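I've put the structures underneath this note.
Look at the two complexes coming up: chain A is in both, with chain B in one and chain C in the other.
Our next item is the complex of A and B:
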């Protein structure tokens, strides 16, 4: 069986990121690679490129990583982090255009079932197509 | 000479941003989340902390390294945006200070990279509404005095724009009537660079 797609949660708030990850763990279990980060480099509200890179590393899967992010800066910093990855990994990380909590749970459920990266992203993004 | 110029650029730009942190925060409180001053200060304090290392590098490498500090330390969208500006400038320029034409070309590419990074364009009430007119004026080889006027007008023009990118876009019409904080921080950095270059030109 191929590896399950990993999930990364990036919020401006450590508590939101941590709480979202806890919901994923409770609803989907521990078999999906999952990592999260929240807060700026000093621990205030914001995002931190180094922490995002560490989270991608933490949830890394050969099948790729789907990211769920909250507001604007989280997306820009996540895109920056993706661009800083080794080239062979860059194309295997996607940011899902979906609400962070619902998107993380949906993406992780899909990943648990063995879906490929593109299917994981599409399932999460159906939430915002509504 | 070279290290001195880089040091002056770093110090003048850092001080301009840090000394105006409260103003940037106040502008951001009006239409964003009020962290622009704090974020930019954190970024330029990191640049200052790396000063010795940066001033020992050739210009292109110093720009890339300073840009990376902003990317890693700012904590908001302005980190990757200004970081991309400096890193692209560094990649485009050579190790020595460029002539005006080379600077204009490099700056045009750097502004294009910021547009790509922010998935944004002119007229959305962002720092691009200063960077793009500045880039166009640089390509026309306008004088520094004229560049100052163009940049100041560009900052003022963001007041009547409606934000469609970034946090301010949540406010819709209510974003109208306030200067964009990113436009203002771009002006501060431009003015600082212009002052250093003028001083070197005169000496």
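Our next item is the complex of A and C:
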């Protein structure tokens, strides 16, 4: 079996990111590579490119990584982090256009079943498509 | 036409919160362990949804007491339906 797609959760709040990851672990299990980050380096609300890069590294899978992010800056900083990845990894990281908590659980469930990165993203985005 | 094994079963959902998030994830995960195409419906005549789709399973919003109809098509159809019925009857307690 090929490696499961990894999941990264990026929130402005450490608690939101940590709580979302806890829901994924409890509901889906620990077999899916999972990492999260939230908050700025001073402990306030925000996102940090270095922390996002570390999270991508932490959840890295040869099958790729699907990211779930919250408000604006989380997305732009995540895009910046992806740009800073080694070139051969860049195309294997996607940001899902989905609500952070629901998207993370849905994406992880799909990843657990061995779906490819594109299927994982589509499953998370199916939510917003209604 | 090759004769593909099929199976079907109906089970009552007794889980106290119904087919909400956690049971939906358990059901989808179990369904994904089989090769067969597996569908789920709240009415015997459908509409049927893909039991391996977490989004569709969760969207059924089956309440406690609802009847869950399963049907499967494929080599392991019978095992798939029995596995899913056992999961629902076991109140979604998973050991994997």
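We adopt the following convention: the second predicted complex is superposed on the first by the 130 of 130 C-alpha atoms of A that agree within 3 Å, B and C clash if a C-alpha of one lies under 4 Å from a C-alpha of the other, contacts with A are read in each partner's own complex, and residues count from 1 in each chain.
Following the convention adopted for this analysis, a residue touches a chain if its C-beta (ideal position, glycine included) is under 8 Å from a C-beta of that chain, and two chains touch if they have at least 3 such contacts.
All of these numbers come straight from a predicted model, not from anything done at the bench.
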When chain B and chain C are modelled together on chain A, clash or fit: fit
Partner chain in contact with A:113 - chain B first, chain C second, else both or neither: second
First, second, both or neither for A:45, with chain B first and chain C second: first
Partner chain in contact with A:72 - chain B first, chain C second, else both or neither: first
Which superposed partner A:123 touches (first chain B, second chain C, both, neither): second
Angle, in degrees and to the nearest 10, that opens at chain A between the C-alpha centres of chain B and chain C: 150
Chain B versus chain C as contact partner of A:3, first or second or both or neither: neither
Greater residue coverage of chain A in the superposed arrangement, chain B or chain C: B
Touching partner for A:27 - first (chain B), second (chain C), both, neither: second
Shortest CA-CA distance in Å separating chain B from chain C in the superposed model: 27
Chain C residues touching chain A - in the complex, by the definition given at the top: 21-22, 25, 28-29, 32, 52-55, 58, 96
Touching residues on chain A, where the partner in the complex is chain B: 40-42, 44-50, 71-73, 75-77, 79-80
Interfacial residue positions of chain A with respect to chain C in the complex: 26-29, 105-106, 109-110, 112-114, 123, 126-127
Contact footprint of chain A on chain B as seen in their complex: 33, 35, 38-39, 42, 71-81, 83-84, 117-118, 165-167
